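One structure is given here, and the rest of the page talks about it.
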Amino acid sequence: MATLTGVVPPVLTPFTADGEIDLPSLERLVTRMLEAGVDGLFALGSSSETAYLDDARRARVLEAVAGIASGQVPVLAGVIETQLDRVLTHVRVAERVGAAGVVATAPFYSITGPAEVEAHFRGIAAATDLPVWAYDIPVCTHYKLGPDLLVRLGSEGVLAGVKDSSGDDVSFRRLAMQNRAAGEPLTLLTGHEVVVDGAYLAGAHGSVPGLGNVDPGGYVRMDRAARAGDWEAVRVEQDRLAALFEIVFVPRDKVGPAAGIGAFKTALRHLGVIGTNVMAPPMVPLGEEHARQVAAICEAAGLAPLARA
Amino acid sequence: MATLTGVVPPVLTPFTADGEIDLPSLERLVTRMLEAGVDGLFALGSSSETAYLDDARRARVLEAVAGIASGQVPVLAGVIETQLDRVLTHVRVAERVGAAGVVATAPFYSITGPAEVEAHFRGIAAATDLPVWAYDIPVCTHYKLGPDLLVRLGSEGVLAGVKDSSGDDVSFRRLAMQNRAAGEPLTLLTGHEVVVDGAYLAGAHGSVPGLGNVDPGGYVRMDRAARAGDWEAVRVEQDRLAALFEIVFVPRDKVGPAAGIGAFKTALRHLGVIGTNVMAPPMVPLGEEHARQVAAICEAAGLAPLARA
Amino acid sequence: MATLTGVVPPVLTPFTADGEIDLPSLERLVTRMLEAGVDGLFALGSSSETAYLDDARRARVLEAVAGIASGQVPVLAGVIETQLDRVLTHVRVAERVGAAGVVATAPFYSITGPAEVEAHFRGIAAATDLPVWAYDIPVCTHYKLGPDLLVRLGSEGVLAGVKDSSGDDVSFRRLAMQNRAAGEPLTLLTGHEVVVDGAYLAGAHGSVPGLGNVDPGGYVRMDRAARAGDWEAVRVEQDRLAALFEIVFVPRDKVGPAAGIGAFKTALRHLGVIGTNVMAPPMVPLGEEHARQVAAICEAAGLAPLARA
Amino acid sequence: MATLTGVVPPVLTPFTADGEIDLPSLERLVTRMLEAGVDGLFALGSSSETAYLDDARRARVLEAVAGIASGQVPVLAGVIETQLDRVLTHVRVAERVGAAGVVATAPFYSITGPAEVEAHFRGIAAATDLPVWAYDIPVCTHYKLGPDLLVRLGSEGVLAGVKDSSGDDVSFRRLAMQNRAAGEPLTLLTGHEVVVDGAYLAGAHGSVPGLGNVDPGGYVRMDRAARAGDWEAVRVEQDRLAALFEIVFVPRDKVGPAAGIGAFKTALRHLGVIGTNVMAPPMVPLGEEHARQVAAICEAAGLAPLARA
């Protein structure tokens, strides 16, 4: 089984003005990322507004992304659910569409102890032949996955990789060290858009940047520079991308995905990639004043709208 | 529409040894509560291990509870889901089985701001004729529902009541005061088993005690005493129930539902009400040493096993 | 040694317009509480802005309160400090002025484990003959003192009592139960102004209400009613006091003591008890619009300004 | 005024077996750091067990460090206190001993809002001619200092620099970007020992590594490599230091300084630099089994004990 390293953006879910999944926009979005040279795609991550999609919509999005990718790059499928049985429902869809792996968080909603978290991941792996990735995102699950657990599950073949969105870079460094000491059973991807350079230094094998929807080429260039050991190029590219990431701080009256995904969608609308900046209800999209600020930041970062056909 | 006050226990979901929903045990459990005089039933609450049940199982449990109650008391249906569309899936089932209302939490998993939380509850109410109850459980959702919002939504007819499991008794007192000042649009039920007496003093209209699965009669007696203004009787009953609640602290190596629901199920197995103390995976049931301690606490609280037929 | 039960308000520290300790205001404040029949005084608590006072000012405040009380009621002395040596500095002052006990929090600032917390309280008790009270205030110390530890230290004679400002009423109930089972080694006082009634039901021996600066008579009446088992009177008085407590929610742009103590001082200025509503820098006092709202709430609660001589 | 960049270790406070400040050990510790080429010293930081030292001991430690440094490198003085007046007491000592600046946290213990935090730093700066550094350590203060505030106060001359121990690397990147955009008014030092490499990429001007007590030479080499743009050397040195940092995870039964400082002191005792691994009470030092593990990690990282004279 080939490992999946490099740039694997979490694919946003575009909506039409009346709230339907906007497949033509999704196709433009994914195609643009493929043309930029991304190494894989992560469908149904947090950035896909997955928590807002019912089972039918999740399946439709995953099928669409897999269809557009059509084997050019591997597609990871998020299976974000409170608990095991519900996770497995989505694992079956992932198997059906030929996903390259599933990405599961710790259980959430109910308070869960370490034994249950471990059993959760073991339960998923036991139920599928797909590689299982751990998605460490305590801001959503309120549970931090420790390096000891992750490397142990990697060594036993339960986990294939980790998508780290923990914001805990000390822990990430320890994860990378322990993973190396164990023979690198895990592929380590960071989800923190603005410190990917430091994560590469620490030993990340790639990134899952939400901002990679807006500027996939930047992350690909940074990845290639890191592989070449050209850290000065890495640093410069990261600085440009960090400046671009300021779009998520434009809507000061919003928090969480209403701000972050709202800004990404607003930028992509400005760039002509997707049709609207609509989000799943009850999230309200960014207004026009914010959209102007987002557009200005995009321009300052050197991003030009797609040429109209 | 009659209001639902008094004792409304959240109904546990018994499992067979091989993990299937144990309908005969569920029938014994509910029947025992009805015989004790409870005023309503809350199916698919957190104590029902709802987060661990897929859609089909949730529907089966709700249908079963509604069938057993068969109109003797109203049944509230939990619709615990990350977001609106997913909530509405469960609302449709609740409508179908004739539930007396639906109980919804704030959105969870994704970080959500106050405007989105408000829109979430409005969205549910706009989509159903059933009364909508807010379930304030920040330990699971990581969002505290404020008294201002709740009373405002109550006054506008969006919310019919609140199930308060916030553990924030200052906030609960303020909620009761503001609700009274607004003409009591909301029915207020507390979910904190061991301080129901104080909640009655503060203005609660009843309780939703998980421990009411184990000792429904105790909560009914406390409720009747509170209605009669016999606070000394309230206090004495609450003290006995608080001593019984110590069963949840027996498994010191467990947290959350693995401890609390695990202890309730173990007590109910000891009492001959349900067949096993099995929980949904990945939760491991209490072992025999813990079971002995739970049984001893039950006996000290005056609970005797059901007579064998 | 007589136990200290009943109403023991934490005494605010009034300041003059130029930020000096205002001893005439302090005397009026304490005298009014003594006339209302309080059972003790707690100087240098959180409500005294103790964290904002250097050692010299702390000593001056404690001496002043002890002097005004002049043996009419016992005076507890807060010894709020990050760690042991620093606590003992203040313990020496408390001994010198004849305090009836010292009130110490868990260590704070540095992260501390349970062994260190226990050693901290043992260290204080070993160094003084004064009774030592534990001050459970996790919102400030970020450490919750568990019932097991408290009752164990009570049984060994390390602790004489607990001032509970934890807001965790389930834990408080368990503390009261375990304390009773151990023969009541601890005196339990609650610091939560608006749920004192429930705390009495649960077994509190009294209260340490910040709001008792504004309306000491109300808390004394509630205490006497609770001792008499007249719970209806308790409830009614608590409801009135809870309505009065709304003054702390008037300054919506402030948090913590800037809001709470700010409102208490503004109410006391309105009532003619203290000269200004100045707080220790960098806290800014409430403005005139907020002062008007505070005054209106005081009047609605039946509090009239002191008659001018 | 010369800016202070590069490696500025927070100096531990060695104790004798009976708990006195061990000046000969302190002299060996500081001298070893000076010989390794550190660019400055930070006395009375969190790593100095400052929260455990009363005023007299703090002064003695600061005087000793300044005396040993004797002008060879600048000495920053921590002024860690709950509030302004208490901070200023320590600022006066810092002025007296010729410190190059004072390092102050946000207020702690009492809950504090943004206006009060800003006024706190302004109050310090207004009261001294010494440069004021902000110490961002939310794990202790439970308040995160935002980039906007810090850069604004830097631009106005209130703050000279930031010691970032926030663990929030996204925020640190934004701080570095905003600081650059404002003309670099602030000197930015990171306190996170194991991700200093990423911090340099992000724009840090240096580090304040607790682990720099144990291996000052490593941090100096990393700093010189970063200045030279030799990122591969930076990465390799950081990896070695991160492996060494594993000493703090040896005592799995301890948290906070009892683990971290306990491990540093145990390593330094092994290396022959300080005489004991005693910490301030109530912290219990690491035992011999842990000491053996710490020694083994030191040896694996290439650290040899000082030659005996």
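Letters A, B, C and D mark the chains in the order given here, with residues in each chain numbered from 1 onward.
By our rule, a residue touches a chain if its C-beta (ideal position, glycine included) is under 8 Å from a C-beta of that chain, and two chains touch if they have at least 3 such contacts.
Everything numeric here is computed off the predicted structure, so don't read it as measured data.
With centres defined as mean CA coordinates, chain D is found 35 Å away from chain A. Centre-to-centre spacing of chain B and chain D amounts to 50 Å, using the average Cα coordinate of each chain.
Under the stated contact rule, the graph of chain-to-chain touches is a ring, a single cycle where every chain has exactly two partners. Inter-chain contacts, as defined above, occur between A-B, A-D, B-C, C-D. Taken together, the chain B residues at the contact with chain A in this complex read 46, 49, 51-55, 57, 80, 82-86, 89, 107-113, 115-120, 122-123, 139-142, 253-258, 280-284. Listed in rising order, the residues of chain C touching chain B in the complex are 167-170, 173-174, 177, 192, 194-195, 197-199, 201-202, 229, 231-232, 234-235, 238-239, 242-243, 246, 249.
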